[in-house]
Amino acid sequence: MATHILSILIFLPLLGVLGLLFIQGDDHRSYRWVSVLVTALQLALSIYLFTAFKPEYFQFHSYDSLVYMEKANWFQLSLGNLGILSVNYFLGIDGLSLSMILLSAIVLFAGACASWNITKQAKGYHALYLLLCISIPGCFLALDLFLFFLFFEFMLLPMFFLIGIWGGVRREYASIKFFLYTLLGSILILIVFIVLFISTYNPAEMMEYVSSNAGVTIQHIQEGIHSGELINNPSIIHSLDLIQLSNPVNYFPNGLLGEHNTLTVFGYSIRTWCFIALLVGFLIKLPAFPFHTWLPDAHVEAPTAVSVVLAGILLKIGGYGLIRIAWPLFPQEAGDASWWIGLIGVTTILYAAFVALIQTDLKKMIAYSSVSHMGFVVLGLAAAKTEGITGAVYQMFSHGLISALLFLLVGVLYDRTHDRMIPNYRGLISKMPAYSVIVTIAFFASLGLPGMSGFIAEILIFIGAFKGAIDTAAIPVWMPLVATLGLLLSASYYLWTLQRMFFGKFSTHMSIDRNTLKDLTVSEKALLYSLSGLIILFGLFPAILLNKIGPSMEAWTSFFINMK
Amino acid sequence: MNILEHIRESLQFLVPEALLLGSLLLVLFLDMFQATRKNTYFAATAFISFAAGGLYLLNQLFDRGSIPNVEFMDHMLLQNPTILFSKILLIISGILALVFIQLSPSSLWLRERGETYILLLAILMGCFFLVAALNLFVVFLSLELISVPSYILVASRFDKKSTEAGIKYLLYGAFATGVMLFGISLIYGLTAGMDLFSPRWIMVFASVPVFSKWIVLGLVLAALFFKTSLFPFHPWTPDTYEGSGWGVLNILSTIPKIAAFIFLMRLSAIFEGMQSYSLLLATIIGFSLLVGNFSALMQSNARRLMAYSSIAQGGFIGMALLGGGDLSQQALFFYLIVYLFSVPAALFVLDYFENISKGDAVNNFNGLGKKEPVMSLIFVIVMATLIGLPPTAGFFAKIFVFTSVWQHYETIHSPILLGVIGVAVAGTVASVFYYMKVPYSLFFKEFENTVILTSKHKSSLVFVSLSILPVVALFFTPDWLMDLLKVIVVYI
Amino acid sequence: MSGLIPHIEVPLIPADSISMLALTIFFMPIITFILLFFTGKHILASIRSWLATGVMGVMFVLSVYLHISIKGEHLSRWIWFEIGTIKFTTSMLLNNYSTTMMVIATFVSFMVHLYSVQYMKERRNHSKYFPYLALFVSSMLGIILSDNLLITFIFWELVGLASFLLIGFWYEKDTSAAAAKKAFLYNKFADLAFVIAIMILYAMYGTTEISILKELVNLSVTYQAVLAVPIFAGLAIWFATVGKSAQFPLYVWLPDAMAGPTPVSALLHAATMVAAGVFLLLKTSFLLIDWVPNLITIFGCVTALLAALQAIRTFDSKKVLAFSTVSQLGYMMMAVGVGADDAAFFHLATHAFFKACLFLSVGAVIHAMHHMQSHQFDHGQYKELDALDMRLMGGFRKKMPITFAAYSVSYAALIGLPFFSGFLSKDAILGALYDRAVVSGSWSWLIVAVAFTTVGLTAFYMTRQMILIFFGEFRLLKTDASYKKYFDHIVESEWLINIPLILLGAMSFWFFFSLNPLHAQTGWWMKDAFVSGTHHEFHIFIPIVASLFTLGAIAIAVQKYKTIDAFVDTRLTLTRVFANNYFIEKGITFLFVQPVFMISNMCMATDDFINRAIHAKAYFFIVVAQLADVFDRWVIDGLVHFVAGFIRYIGSFFRSYLKGNIQGYFYFTLIAFALMLLWLGWYL
Amino acid sequence: MIPVDYYIIVSILLFSIGSAIVFTRRNILYVLMGIELIFNAANINLVAFGQLDPDLNGQLFSMLIITVAAAESVVALAIVIVLFKKLNTIDLNEITHLKEK
């Protein structure tokens, strides 16, 4: 099992989907058990993976040290003069993937639990949810960009339907918007992948291909490529193997992305444009200003569990893509653009926080706060220091937990009253004390209170960013300084909300039936308390995660700096 | 050699055609008597001939792989693995059409009649001849053999819509044929021969003045473009589609199109390097993509939507004609295979929904996704295939087509090709919107209809799933098919 | 740039037994917090409160033991987490300084706990009170013990959290909720500076260990001027303390924070929250270089004066004390600014005791007032009564003699009468200020002048408060005679309240700090030189002048207020200015809050704009489709028009393409195909 | 022998006349006749060119065309009859029920 643990982890929910197909009848109870069980199994598997993972497993850019790697040729397609497209089923895990896998297992499990009360077309819902459970871990584990893109795209469809069918009043609008935005991002990413495909080759696989000719070595192939003999040869093997792509030797010197290519479009090289396209593609997913407007709508309309998954994991794929693909493949460009990236980060942090401040819809406010927090990820990336990158990863992890908790909490209130407008409530704490306690914990966690996981992430990002600003002048000094205002703003909107909704004398808008305002049930409590517990656990003992992923992140940084 | 002797020898290559002819006659015979005038008999006859023909072709393909390019019937027809394979595709398409008619809820009138089977067999026979044609004689004859039964099929529902569709189709088709004939006559005058694929003819034609070349090529290709409903020979398509039943529509949009495209591919192979031909083709394809994709966006009627979709798909398939080399031929076949499986599935589901909701406007399908979740979900996969989204082989089909054009662009650097690629990309994006139109109303609109008719659920589902299964499966093993095509398609 | 800074290995040091003891003390309130927070509702209130109080008592005893037994420095350091080779450490430093602070903190906390047992008995939401207090104390201990700025920051923020929870303890009151939010946000704003300080120091030196930083800063002193970074780090840390230690202009949260329970105020003002700022600044004073100390002095001076002025016109009994705290913190800051770290810490210590005592005794009075109110409530005559308003008090001297005695002693200490602790510490600060002025001259003399004036002001407003609360008649009766019977029933508070008062009051005497009642420098406190070794020369005239100021102010105040029956305020403008905190809040609202909301609205508008743009994108395809359609309908048709001019009979077919006319299709095909061929011919 | 050019001129004239009819006449029967004219234009060409061809391909082809045209006309007329029954018209301007909405 250990050799195929990654595949098992990814495709486990497929069994669940099959199981769903064989369960007959309209009783939603049996369906929900399937999702919960499958996600629980996934969680167990990823915890096993987490415990078995050793910090020494890093060196992401060579095949040797990828533990649990799975690599098998999927297909090789001859594309005439363009050479051969070789696609591998290539999975691997390093610290970065590890944290994301753990996060997605936790959040997906929480989401499955939150789907407990779905009664409308429960079978379809759970089937789609389980499909999400396949594509999300797949996305985090795929090391072949073709595979990555498949999983990436495959997330789109279930999400689209989950929002569009089980969503709120304006679900059509929200789902279409989500679809359009993400599609735009995917197209940009796809274009870059195509360019990558045509301008690189895979010497390792070419070795296998030409092994009949005795005495041919990788050097021969590389020399042939560099001397131009092998260009446009139909037998050149191209692949989207991330490890090969991240080696600059594997680019055709005269290809679109090669070192000798002087072609420019509007004054920028193709490499720069590719980087921009990747950046925008993933920033849409992240989302960052100005590509964020799909998120509030999608969140507001999505059912609770979907919001949880959306904020908890889907956004992280944007950040993951940046760290895993955009930066390592275009280090030079990423380094050159750091000022702009930092600017995007800072703008996102502040802009979204400002907008969150004046929201009257609780869920929308939290959605904007998610955007703001994702801005920190961008800022951490811009400086490209180990602390900052680790902070970014930790921010993704912790924000995954925190936003899952926050959206679950909103869901609790919405389930009861079907109203989430902040001004419609006052003094909730006296009616729902346990609920209010967890809300307070969640709010403080989200505003970066020390002792909660968000703090570690943000402080790491700040010191990383500032160190980058001082050491390498990657970003100007004012950026991390100004970004700290984000902390204040998030404290402002959270505390203001606390004051308005939870403190004061109890009263509600007349449209709300007060009898529905019951405090948390035991099962809700169990879920919410355990998530809060995790947040505090990872806040007090970041070593649990950071010690495992640290070496990977350090290797990432040194790789990036060497390449740059 | 004695000509009769030659013909007798040639007949051995016409076994599938003979089978079709035989079953055609048998159906005719069966149709004469009240006792045997039964749907099942007709269908069984047709199916047996298809199956037998298909098996024979397969056997030939494996046997004759080593003896390519047999010209027979006094250089009128050609036999080689590519053509055998094309015929197999046509047979598969025919079988799908047959099953479609049997299961389609709206095709009761169609399947009860013997004529339907006769016409289907005739069309298929015409297609067999078309893909194997070496001479303009045969081209003309086979096109007529496809066209005339098609006219009858379209018009044979005998109601207002269908007759109108029929007459429009006929007038357009006849006019196109006339134009082509005139072109053929001029070609005959210019080159003193109609044996298109002979080296002599090619040589003579190459020496024809450019202007004359333009004229005759334009005139002759008109009929083929009409059959493939490419711009500007497309205007009949939406009207005819709208007026005809789903079963007929399925036949129209698959069998003749596949045959015509394969023939165009063969034609392109001999005209390769002739700039006037390739540019004409490129322009036509580009405009087809533009008009097909963007007009489809505006459609609210499922039939017209599929009509424009078929124009657009024709454009995408046609892109494979633009690229030179083996890859483009493989891409064409790959695309055609995906196309021949996905289009019947798409049309069948629409038929199914139309039958439930009693209307073919997209709005009529509102909310049906909740009543028919599985069917709707399969429909989404079908639509994904037509758009070219993973995880369906449509994705690879598009990739191959794009790659082949790009590759050709890299060698000749023609801005028109670049334009075609641009239009195709834009069209692909646009296609997301119109193909997702129906799933959108299936899932996201509230259910409005009060009348729901249930229909044969299981068998329909099985048919649709089975026809889409190969497409999904091909996504996971595209290299298998490509390797196969690599071996087979080289003889074109 | 970073190459200039010598890299210092951060060694890990295991904890010795003394450190283990300190850790035990540190973890005790945390365990209390966890225990009481989760089981709060399920155990008896008395068990709950006595458990917390008992723990605090044990902590106090242990702290004293720790303080006695400690010799030299005990540094221990562990790894918190590591990112590859980068290690983030956490460390604890035990020395005389920190253990002293521990003793103070635990003692005051213990007293407050004892007091709270009685005080909170009848209050609502009892179950969360003691856990919050425990959290408060543990966070404070964390700040005291931590030798790592990052870790300090964590506790720093947790102090903020605990204060938020405690200030907003009566969350049903809107003022309470608002005050809690305000306190947290003002502190958070200042804390940004702390984050920045951490960023700067980490980026420059690669560590946030204070003891290591100290070495590094001293090592790199030569290029400090070039880099100017440690200056900004120091500035940032100071600014962080401006929030927590309530300095001008961020002190406005502190008066509002009186909305919390009175014992909390006592704790907040004495040993925990506001002390944390000064304490941290003293700990990191090596970072205060160049012009930063002067800035600190000036701001401290301004704070001291402004707050004292406000205290003169405030009627809220607790707010007077709050302003007094702000003012005294200004003194401490001044001392820090002139480098008199010892004096600052000394004042911090003495102030902790007498201010806690003052709060608790005023709290006792308020408790009594509340009792009257609640009695009335019991009799169904509930009236809104501001139990904190000094204008309604008076004559409590006879009713509550012990309270009065405790109050008087700490009052004397605060205004700096000889033989009381405040005299010693204030004298040390004034002396230091004077010394500094002698050296640097010019504006420093102004500081000295203001410091002395403030001494007078302090005496004035404290005397005013004393007279208003304890002397004269009970003025509430003048507005509403129905309180008479309740006033008659007022007796001295319960012993649980009195004992802390007595103990804390006792700490206001001189002998705890120095045997010589007039000279602090000779006392053991200053001799031990907790923080820095610089001694100040003793000037005999300073205590004398200060005492003169004090006595004079007392005389004026007595003269002014002794005959007052019902307080009528004159000079309303001034009062309004004071009541509005010199319009600082208005200014902040105007300068920050309003722009923030403006920007928020702008951003929201931008979002809408983006959305519209996105809609445009979605419509784009439809538009293209429309265009294609228009192309079909008009361009091609237009050509048909054109051709039609030459051919008869064709007119009726013009729009035939639109109309489904097959001949229209023919035209379309013909023309389109012809055009295409023509264009291609031209192209070729 | 009459030179081929004359045949071509005649055939082009026929083609043009046929096309004009197809394009302009509203009666379906006329349109069908126009199409026949186009067919015959092709026939004339083929026969004319066939004179020069020893294999007589042209002549053969034209025979073929005549046959097929007859078949096509049969189908066309059949459909026209049905059409007339259903729509009561054979005016092309009135057969416009199927169109872009």
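When the chains are written out, they are named A, B, C and D in that same order, and each has its own residue count from 1.
Rule of thumb we're sticking to: a residue touches a chain if its C-beta (ideal position, glycine included) is under 8 Å from a C-beta of that chain, and two chains touch if they have at least 3 such contacts.
A quick note: this is a predicted structure, and the numbers were derived from the prediction, not measured.
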Using the touch rule from the top, work out which pair, C-D or B-D, shares more C-beta pairs. B-D
Chain nearest the overall Cα centroid: A
So the centre of each chain is just the mean of its C-alpha atoms; given that, what is the distance between chain C and chain D in Å? 97
Could you please state the distance in Å, as a whole number, between where the Cα atoms of chain B are centred and where those of chain D are centred? 26
Averaged over CA atoms, how far is the centre of chain A from the centre of chain B? Could you give it in whole Å? 43
Separation of chain A from chain C, taking each centre as the mean of its C-alpha atoms, in whole Å: 37
Junction residues of chain A - those touching two or more other chains: 176
Send over the residues of chain C in touch with two or more other chains. 660, 662, 666
Touching at least two other chains at once: which residues of chain B meet that condition? 167-168, 171, 175, 239, 429
All chain pairs that touch each other: A-B, A-C, B-C, B-D, C-D
What part of chain B is in contact with chain C in the complex they form? 167-168, 171-172, 175, 210, 214, 218, 222, 231-233, 235-236, 239, 275-276, 279-280, 283-284, 287, 290-291, 294-295, 297-298, 416, 426, 429-430, 433
In the complex of these two chains, what residues of chain A are touching chain C? 176-177, 180-181, 184, 290, 293-294, 296, 351, 354-355, 357-358, 386-387, 390, 427, 429-430, 444, 449-451, 455-456, 459-460, 462-463, 465-467, 469-471, 480-481, 484-485, 487-489, 491-492, 495-496, 498-499, 502-505, 541-543, 546-547, 549-551, 553-555
In their shared complex, chain B is touched by residues of chain A numbered 74-82, 121, 123-124, 149-150, 153-154, 157, 161, 164-165, 171-172, 175-176, 183, 187
Mind pulling up the chain C residues that touch chain B in the complex? 621-622, 624-629, 632, 657, 660, 662, 664-666, 668-669, 672-673, 676-677, 679-681, 683-684
State the interface residues of chain C toward chain D in the complex, per the touch definition above. 647, 649-650, 652-653, 656, 658-663, 666-667, 670
